[in-house]
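There are two complexes below, and they share chain A, which is joined by chain B in the first and by chain C in the second.
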Partner chain A sequence: MSSTTPAVIMDNGTGLTKLGFAGNDSPSWVFPTAIATRASASSSKPSAPSKPSFLSSSTSNSSSKLSGGNLSSIKRDMEDLDFYIGDEALEAAKGPSYSLHYPIRHGQIENWDQMERFWENSIFKYLKCEPEDHYFLLTEPPLNPPENRENTAEIMFESFNCAGLYIAVQAVLALAASWTSSKVTDRSLTGTVIDSGDGVTHVIPVAEGYVIGSAIKNIPIAGRDITSFIQTLLRDRGEKDTSLKTAEQIKQEFCYVCPDIVKEFNKFDSHPDMFAKYMVETVSKSKIEVDVGYERFLAPEIFFNPEIASSDFLTPLPTIVDQVIQASPIDVRKNLYKNIVLSGGSTMFKDFGRRLQRDLKTLVNERVQQSERLSGTKSSGVAVQVISHKRQKNAVWFGGSLLAQTGEFKSYCYTKQDYEEYGPNIVRNFSLFSVP
Partner chain B sequence: MLQLESTNLLVQETFANAFATDYTPVSLDRTITDFDFTTYHVSTPETKTKILISISINCWKDLAKYGVLDLLTSKYSKYPFIQILADQPEAGYHFSLYIDLEQASFENEEAKKELISELSLLKRNCFAAPFLKAFDRYAVLSKEQPADPNNIYGEDSHHNTNEEVLTINYRDLESIYITPSNDRVTVIFSTIFKDDTDQVFSKVFLQEFSDARKRSIQKAPQVINWHKEIPLEIRHLEKENTDNKTYITFVLFPRHLSTEEVRWNTITHIQLFRSYFHYHIKIVKCYLHQRMRFRVSSFTKILNRARRDVDEEEMRAERKTASGRRFEMRA
Partner chain C sequence: MPAYHSTFLAEETQDSRTVGNFAILPIKTKFKGPAFPSLSDYDIIDEVLDLFRANSFFKNFEIKGPADRALIYGILFVSQCLNSLNIRVSHNEAVKILTNLSLENFAIPGDIGFPLNSLYTSPKDKNEELLLRQYLSQFRQELSSRLIERLYAEDKSKPSKYWLAFTRRKFMNKSL
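Then we have the complex of A and B:
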């Protein structure tokens, strides 16, 4: 019967979890990957001491004090059933009796106890489906250790008896999502994925569905940094409201990428109507007006000129992309330049793709000219193309939905029978989607 | 806590948004699922302000036999802006409601909330039909022949043996059987466990139902658990238990059927039983896994304690290859 039910796509990211069914164009649920548990219960759980303290400062003190003591005694009451996930968790954590945890750190699952309960609640409560009736597509970050895959499979098959499981690499799904763009003519799984979320930006080269692990690069600039950059600009100017939320709203509504900063400054000075106003509604229902000025184009600019915001990371994004592709095998480089795909919320700025394409083209053309000069032969040229599309924000989830609604999807999954026959290590390899 | 709710949160959210005053119409095309092979499809086929919600249920044929259409019509026909497409539902689905948002008007917020919750309870309403039918039959029977007050052990009287058993094949091999009689309504679930260990958990879990009744909650319906053996009430329907099914019998007493409100409450809870049951078995397993992980990590700690601290200098001196080269020590 599970052949007729839609597959479930679960994309658990560091910040947000995207849940939904195959065939839909947007995830049914998007909420924080957070779980709120009873504050006292967390002390008896075996939490690794080496973990960075992600609890709120007050609870981490109390829990670390307690966990040093009687570790052997687990309370045998209902505490393990008392938890909330997602938005409800954030709500519950405001009270005194719950503490908030983020089971995923840097894209990888760190706390399996919490993750198991998070899944349990998201499947039954939010998606309302019986896992025995559905196939599941989960996502994983690039370079996820195979042990993590095995753990995931163990939970999905042994706790939930799910009908079938496929674990896909996020970057590959992001590539698949780009097929909706009109610029994409051949549906290949080769390309460079720029995945920029809230915490970190990855540049990932993918060749025929395989991630080239040795060439992946991370950039410590992402959505959060842009927001805090806007916030500092607002503070420097002495605006009346400089909260993080205001900065975030300004980022989403007003920011865009400009082709040239100097010209843009001039444009702003000669056309005062470029300055925008943002209305903040305060708790007391009074309205505050915040001026939005140069940060409209300066904020996204930190991808291209990081020195305006940070002092420790100074390589612009186009250079990083170029380095990544240069570090990949030579026979796929042309295709990697030709298919650069954006994914994640922080790539949503207007003209982000166009600017990246232009800067990258300049870099590449310079190199091509240099080699032509040195060798004296004519190069056939390298095409650089950055692909933006409408689904960028939830690209990974959307790619999963796209692939999981195909008829062949279920033949790529492993079923419970396969798992019992071969054991957890079966999930170390998944056959790739054959590309039409 | 871990109570399953019979409202579908996604349907609820969709309509809560759609009926909000500041709603900007968007085109929708969404598939939403629910337990027991129920699928909803929310779409806007013609214009953005007209939402079509369709439901497909695995056992629609059985439900239709027991008058689900009449029930749904009575539930939703009081809203003039909802068009019930009972005869020609959307292709591939069994029942459709076409909601015109432009025509929608409510007396107050309460009425709006009520409609939203009625829409999100569409599945429950569908499954309610056979239960209501059985409850009505019980009302007739109990009038004809009032329950014998001397029958304190709840023995079956002979008059009821010929009563029709309402059957819902809600999953492929699993069914719900409902038998009305003059002093009770018996509901029997048959369920299959894909995993043998699940069956063991289920035994413990079901034992808890009967124990709870003994201990404190005397108002709860009586629960009888049959493994492999087919209950007498339905032995004429199911000849052989070939699929290793488990049967769970609920006996609903008059107090569970007294008023309209109590009846709906009973239906809401009992029709979710199978999902609830399987859900909790899974929770038990999650909990066991947690404890196992904890055990392993505490044992590893003990083992690590037993490890001898070797002096690093000493180690460096010891580890040499045949040619006399040393290993590079890593932390």
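Then we have the complex of A and C:
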């Protein structure tokens, strides 16, 4: 059965979870990685059900757990089913009886008990599939500890009994997703991935499918910071509606990256039609008009000029990318410069790739010229290319879908039999996809 | 990309006019004062108004020469002007308010009340002091009158709210 069904792709990010089947070009479900459980205050039991099992068993109240007996374990079983995930969780948490949790922090799973229940609902309530019949492709952040992989495998094989499992690094999948761009000629798994979601932006160098862990850098600027910067600008101007939701809508609809902010200010002066208007519909069905001004280009500018919004982080994104590549082994640097791939919602601004490429090229050319001057020899030059493509928003998921639909995918997975024969540590290593 | 510098830095030569380390740049103006008439179409006042919005976002600025000091002074003065206006001030009232503001007693580099004394050197003697005071007075009048043109370009009855939004921002965390 599992030889004909499509693989399930699950990309659990800090902010959003993307779910769907291999072969599709977009995920079937995208919802917040959130779970709402019944608030523990309402139950009289000393150990809260929302606590992960390994925590509650190691604490001093293990005696009360033993004496709890059969009755409480039945009650607990019922409570285990009383939870919501995704958008429903956000809705449920508005009431008094549920509390909201985010089981993934900084890309890594922090609460395994909640994550297990999150996956349970993902599979049975959203995907509505039998895990025995499907192979699963899960994603992990770079530098994920192997113990986390083992825990994941334990849950997938023992709780869900899934047919096969592959855990892929998100950055590698993002590279694979860029193969859809016409600029990519040699489908290699070497490149620099700029992954910018809601919380953090990662710059990850990948050489032939392996992440160069020592050179990864994180930037504390991402979608959320852009939204709150828009909000401050709206408030400075005293707009009628300055909610976070309005700021977010403005970010998605109106923002773009400009080549030079002074010229852009002047362009707004000479072309008043650059100022836009955004209509907010309030609860009482009345409409409020919010003017959209300079935030259109100033908001994404914080990637390139972090100083305008924050006072503690001042290094522009192009400089960080340059530092990351310079920290990588010398024999892959040229290929890392040549294949810079964007991934994640915050890289979706118009002309983001173009500006990044221009700024990075300036940095690289300066260095090349300096070394030519010092050594007196002619350099063959370094090509800098930033790849933008249509699947950027869900690049990681799409890359997974692309790889998992190939015929060879299943031979790279570990099956339930493999797991039972070798134990959880089998998932510490996965062989890489050979490039078709 | 850090904050923008004055383009007049490039035109500085040995015999450029300065007082202390403040550049006395030519201005095209009808107000009386010691400034030379500007030969080019684009003078320091235009530059201040162009760079004001971009530079207001920056807290760090590396001074590269006397022209940058003129630029900083201009940007901080624009910010002071905007702070003395609000959204209900009409064009005529604004002219009155800003003319008073540019002519009132103001501190020049070297005076006790001047906020940037750590970055500006004071004039050498009484003559230089007089020259700088007269130049700045002319500079302020011309700047405020051209600022008003921009503020009320769209609507004579109220200033542009996009400009007024910059009152909250402080270039280099300083104000005059």
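Methods note: the second predicted complex is superposed on the first by the 399 of 436 C-alpha atoms of A that agree within 3 Å, B and C clash if a C-alpha of one lies under 4 Å from a C-alpha of the other, contacts with A are read in each partner's own complex, and residues count from 1 in each chain.
Rule of thumb we're sticking to: a residue touches a chain if its C-beta (ideal position, glycine included) is under 8 Å from a C-beta of that chain, and two chains touch if they have at least 3 such contacts.
Please read all numbers here as calculations on a predicted model, not as lab measurements.
When both complexes are overlaid on chain A, chain B and chain C end up sitting side by side without clashing. In the superposed model, A:P96 lies in contact with neither chain B nor chain C. By the touch criterion defined above, A:G376 reaches neither chain B nor chain C.
By the touch criterion defined above, A:G293 lies against chain C but remains apart from chain B after alignment on the C-alpha atoms of chain A.
Between chain B and chain C, it is B that contacts the larger number of residues in chain A. Look at A:N266: by the touch rule set out above, it reaches chain C but stays clear of chain B. When the two complexes are overlaid on their common chain A, residue A:D236 makes contact with chain C while staying clear of chain B.
In the superposed model, A:N305 lies in contact with chain C only, and not with chain B.
Panel annotation: after superposition on the shared chain A, the angle at the CA centre of chain A between chain B and chain C (CA centres) reads 150 degrees, nearest 10.
Legend: residue contacts after superposition of the two complexes on their common chain; A:P316 is shown touching chain C, with no touch to chain B. For the overlaid pair of complexes, the smallest distance between C-alpha atoms of chain B and those of chain C rounds to 35 Å. According to the touch criterion, chain A has no shared surface contacted by chain B in one complex and chain C in the other. Within the complex formed with chain C, the chain A residues making contact are 233, 236-238, 261-262, 265-266, 268-269, 272, 275, 291, 293-294, 298, 304-305, 307-309, 311, 314, 316, 359. Of all residues in chain B, those touching chain A in their complex are 1-2, 4-5, 8-10, 29-37, 39, 58, 171-172, 194-195, 198, 275, 278-279, 282-283, 285-287, 289-291, 293-294, 297-298. Across the interface of their complex, chain A is touched by residues 1-4, 50-51, 53-54, 57-60, 87, 150, 153-154, 161-162, 164-169 of chain C.
Residues 1, 4-6, 21, 23-25, 28-29, 45-46, 71-72, 74, 78, 80-82, 112-113, 116-117, 120-121, 124-134, 155, 158-161, 416 of chain A are the ones touching chain B in the complex.
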